[in-house]
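Here subunit A shows up in two complexes: once beside subunit B, once beside subunit C.
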Partner chain A sequence: MRTTGRQLLLITILGWGVALLLFFPIFWMVLTSFKSEVAAIEVPPRLLFTPTLESYAEVQARADYLHFALNSVIVSVGGTVLALALGIPAAYAMAFHPTRRTRSTLLWMLSTKMLPSVGVLVPIYLLFRTFGLLDSRAGLVVIYALMNLPIVVWMLFTFFKEVPGEILEAGRMDGARTGAEFWHLLLPLTVPGIASTGLLSLILCWNEAFWSLNLTSSEAAPLTAFIASFSSPQGLFFAKLSAASTVAVAPILVFGWLSQRQLVRGLTFGAVK
Partner chain B sequence: MAMRRIAIAFAAAIVAAWPMATLHAQSTLTIATVNNGDMVVMQRLSARFEQQHPAIRLRWVVLEENVLRQRVTTDIATRAGQFDIMTIGNYEVPIWARQGWLSALENLPAEYDVNDILAPVRAGISHENKLYALPFYAESAMTYYRTDLLQRAGVTMPAEPTYAQIREIAEKVTDKANQVYGLCLRGKPGWGENMGFLTPLVTAFGGQWFDAQWRPRIDTPQWRSAIGWYTDAMRQFGPPGATSNGFNENLALMAGGRCGIWIDATVAAGLLFDPKQSQVADRIGFAPMPTGEFTGGPTWLWSWNLAIPATSRQQDAARTFITWATSKEYVRMVAQENGWVAVPPGTRQSTYDSQEYQQAAPFAGFVQRAIMSANPNAQTREPRPYTGAQFVAIPEYQGIGTQVGQTIASTLTGAPVEQALRSAQSATDRAMRQAGYPK
Partner chain C sequence: MATLELRDIRKSYVAHEVIKGVNLDVADRDFVVFVGPSGCGKSTLLRMIAGLEEITSGELLIDGKRVNEVGPADRGLAMVFQSYALYPHMTVRQNMGFALRMAGIAKAERERKVAEAARILQLEPYLDRRPKELSGGQRQRVAIGRAIVRNPRIFLFDEPLSNLDASLRGQMRIELARLHQELDATMVYVTHDQVEAMTLASKIVVLQAGKVEQIGSPLELYHHPANLFVAGFIGSPRMNFLEARILGADGGGVRVALRSGAEIVVPAAMGGAQAGGTATLGIRPESLRPDPEGPIAGEVRLAERLGGLTLLHVTLAGGEPLVVQIEGGDRTGAREPIRLAVDGAACHIFDESGQALPALERHPLAA
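Our next item is the complex of A and B:
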């Protein structure tokens, strides 16, 4: 079926429309961060105003941004590396040495994502207290890895399934052991898949707020806790909250922008099979 | 041989350094607090406390109210001991004190002058005649209105308005074409949001949450009249999307000149009269909380307080800090730094005795009277087995209040009042039976 010029135009307009709609909240957040608190609550809101950096100055004065940002980097990277370290062997075993129960195991893993986090808050909190993991980066790394493990295993499993088993078999015929088979054959073939899985896990860790707010207080608190501290039950805070959110999402936004090709491939993989 | 000598010297150095290390050992206090203007000022001024007490360091965990509540409740209920000081409301203090979760604050130093704390506030944070927290700021509720809009409409606010009069004025002031809404009230569901306003409203209409046997009394004519008044007035004279409006959103609407009348906490006065935060600072009038057919019932009293969990290992250091942060000297320090209008209100008689405060805050005497006459323990029209004016002081109320709040919020978007109250009645009945009431 050929696409006519008019259809192409319509699709382009629709695509831009959806993109702008999705981008609008971020645009509005950045815009609000440059307004004064009184201007931020004006009804109807103004598009043209005298920009001010006072909210950024206030945010900087009230909290140590770098401390929170460093924690975000450590727990996101740590959580992702641990999830990959556990997920790669699991996905390998399931993709190339399936058993009768592999499918159900995969489904069961995914089903754990359907449980609302708050349902296990108290048991996890008690475990963390017992093992001295409250307000520690190590604790968050473990919880983030476990939280993303089902998605990581599922994505890697799909990528590994794409690799013809015959290639690995040929390697084995030539005397390659499991380690060599993985490093020299499977890894080079699936690097893009592993990279996009890692990227997605990284973004999910960066944006995670429930566990980071509940399990950390000051030492290990990441940027999500930094943002939460600017939301207020009293007084005007929209401009400050927008400024805090802007500086918190900026690193991951730039990172996502630079790696969008890998990310899109990861997210749409298998969709066009 | 040389290695042995080095090892001995090293061990001797450690032994010699040990007392010094102990001498300089620091207590680090982790403080969980809510993000509001007064607490931000406290955080900034606490650098002075650290200078005065070099052995104590402070670590702040600042959170939004609902997140804070969830965080500290989880921590204290599991006795995890993450915090040395917690910022909690007068709803939590007596309940947690009864559970043995908080340290009693007895034998406070004479210079702290505990009797200077306003009596109703002190009563709200005591359990069996012992204080379990120290108040940082306190509030009651009042009616705010726009003097210019009322004047233009040719109406005046009575000295002690009734809900019926409020409705009449709201009708005259409403000018939807110019986005001016006669009445702004809380509509966002939550026990501390819409139910904070609706519980005193129901009391004024002669209703109550539970009877003496803890049976819910929601599906009653009193609740129907109260919620009927609220829904009708808000649908006709309220701003659009009122179910999203809590304290902050209404403050923004009022400060932006979009409301004729707003009934809410007295703490908003300092914000509405501050030209930096309000576009109508010179056009705000105030009156007491409206009354209904039943008067003399429990009246609104809320305070944010600093408490020490029993699990804290640094009880003395924590006590030193909370007595500093709630002292008369602290109030004077805020006045010097930010002006008298910005001092934490509602807690100390000495604040209201200050000439400077009376001059800077035209609402000071009014707020003091509202707090001094606040009595959350007064009786409703029929006897009740619980205390609290804008909440029910039982642990189950957080869940029940929020659920009923959601049901009532639906009446603002078209659900019939009778049906909503029937559903709220059966949900509350179920929740209370599950919780084992009557106890």
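Our next item is the complex of A and C:
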């Protein structure tokens, strides 16, 4: 199909429209974070104002940002590494040694994502309490890994499926055992896929709020809990809340920006061939 | 020294048997070709020898030792795949040296062996390229080179030439034959192309639906096909089959009558066939020749002129089609009546069950 100039214009406008719509709340949040509390609730809101850093200063004075950020990094990376460590062998087995039930197993794994998290909150909470995992980074790492495991396995399975079986068979004929086959053949061939799976998992972990709010209080609390702590006690202070949110999402925004090519390639992989 | 023995090898998937008891002896330095239509199980059989498919029952022996339970990495065999299956992230040099690296061979020794294989295959200028920078023929040679460097006990080839264009295929066929001589190696080769089978094999195994139809040298299969299937599969253009009635046998052989009434004596024994029974007469296109006195009459429908040869597509008086191969210089053309003579000694009779009646004498080249 040839796209005419008119159609191209329409698509461009539509694209920009959707992008602005999605970007606007973030833009507004960042803007608000530089306002004073009074200016933040002004109606109608003003686009031009004297920027101030007072909200940021107050946020930092009330809570140690770095403590939360460090927790976020630890639990996100930990959860992702654990999910990959469990997901890679699982996906390998399902992609290269499938049985009649492999497809159903995959679907079943994915179906666990359809269960609302709150449905298993009480049993998980009790388990965590029994094993002393409440408000611990280790506990969050475990829950994040489990939370992302279905998606990780599914994505890796798709990437592994793209590797021609004959290449691995050739490796076996060449004397490679399972370990060597993985390190010398499968891994180099699927690094882009594993990387984008890891990236997605990192982002999902970083943005996760439900479990972090319910299972941590202070010691292990990541940035999502940090944001939440600004929403309650003395009513809503929009400028401070915006400042807290901005510093919480900034690292992952930058990270996503830097890795967007890898991420998009990974997510659309196999869709178009 | 490498020999291979298959003892009643079977393979089934759930309740479906795809290899139905194959027995085969491959001697040292044999070039055995598995040939058959697609889906006959020839690739599965090769993969079972390689260790890539499990053997459901039967025994596989390499150099007299049972290897059913030995993994592909430890059987000491090398395989060339239809898709070449080169490692896309490695250079030609790394591709060829991979097996040696896996075997823990020192770098200097590895380099020497890769260089040697590259010399044999004329791949020296390409050693530092990646597979995607090579042409189909070059990739094919790298795949073969990867097998050569290991100095394997047996080479396995799974339709290695089917992805090449016709002229390159002919060239690679000659190279493979040369390689077989040069390396003194035992080779097992799978193809659906009977020309490849005829030109390369020292021994052909014709497979159909998971069963061996016949095992023999190329000329043995050509001159003494065991049954209709082999007769139809080996030889190009294909053997003609005509309906016939067995009249009887004497010292000269078996006398049959065609539908048109023409009688032909074939030097064969009656075997299990009965006088008066129906049979199939097999005549190769190259054993027929135009002859005004010949017993077979028909009309030329089409003349395919290939230059050196001409193929006449003839319809017999009874409506049966017949292909005749004649000299390219012959002027016979379409829509002309034709009479054909045939050498009975070059004909084959198949009984009602499709089995060939035993020939009285073996062809001198098909000992």
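Please note the rule applied: the second predicted complex is superposed on the first by the 268 of 273 C-alpha atoms of A that agree within 3 Å, B and C clash if a C-alpha of one lies under 4 Å from a C-alpha of the other, contacts with A are read in each partner's own complex, and residues count from 1 in each chain.
Heads up, the rule we're going with is that a contact is a pair of C-beta atoms (placed from the backbone, for glycine too) under 8 Å apart; a residue touches a chain by one contact, two chains touch by 3 or more.
Just so it is clear, the structure is predicted and the values come from calculations on it, not from any experiment.
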Q) In the superposed model on subunit A, is it clash or fit for subunit B and subunit C? A) fit
Q. Looking at subunit A, does subunit C or subunit B touch more of its residues?
A. B
(Q) Taking CA centres after the superposition, what's the angle at subunit A between the directions to subunit B and subunit C, given in steps of 10 degrees? (A) 150
Q: Kindly classify A:Ala221 by the partners it touches after superposition: subunit B alone (first), subunit C alone (second), both, or neither?
A: first
Q: Using the touch definition from the top, say if A:Leu53 reaches subunit B (first), subunit C (second), both or neither.
A: neither
Q. Just subunit B (first), just subunit C (second), both, or neither: which does A:Leu20 touch?
A. neither
Q | subunit B versus subunit C as contact partner of A:His184, first or second or both or neither | A | second
(Q) According to the stated criteria, A:Phe237 is in contact with first (subunit B), second (subunit C), both, or neither; which is it? (A) first
Q.
A:Ser229 in the overlay: touching subunit B, subunit C, both, or neither? Say first, second, both or neither.
A. first
Q: If you've got the overlay open, could you tell me the nearest Cα approach between subunit B and subunit C in whole angstrom?
A: 46
Q: Sort out for me which residues of subunit A touch subunit C in the complex.
A: 164, 166-167, 169-177, 180, 184-185, 188-189
Q) Where on subunit B does subunit A make contact in their complex? A) 30, 32, 34-37, 40, 43-44, 59-65, 67, 70-71, 74-75, 78, 80-83, 179, 247-248, 251-253, 255-256, 258, 267, 271, 276-279
Q) Given the complex with subunit A, which residues does subunit C contribute to the contact? A) 50-52, 71-74, 77-79, 81-83, 85-89, 98-99, 102-103, 146, 150
**Q.** Residues of subunit A defined as touching subunit B within the complex
**A.** 37-38, 41-43, 62-63, 121-122, 125-126, 128-129, 134-135, 213-214, 217-218, 221, 225, 228-237
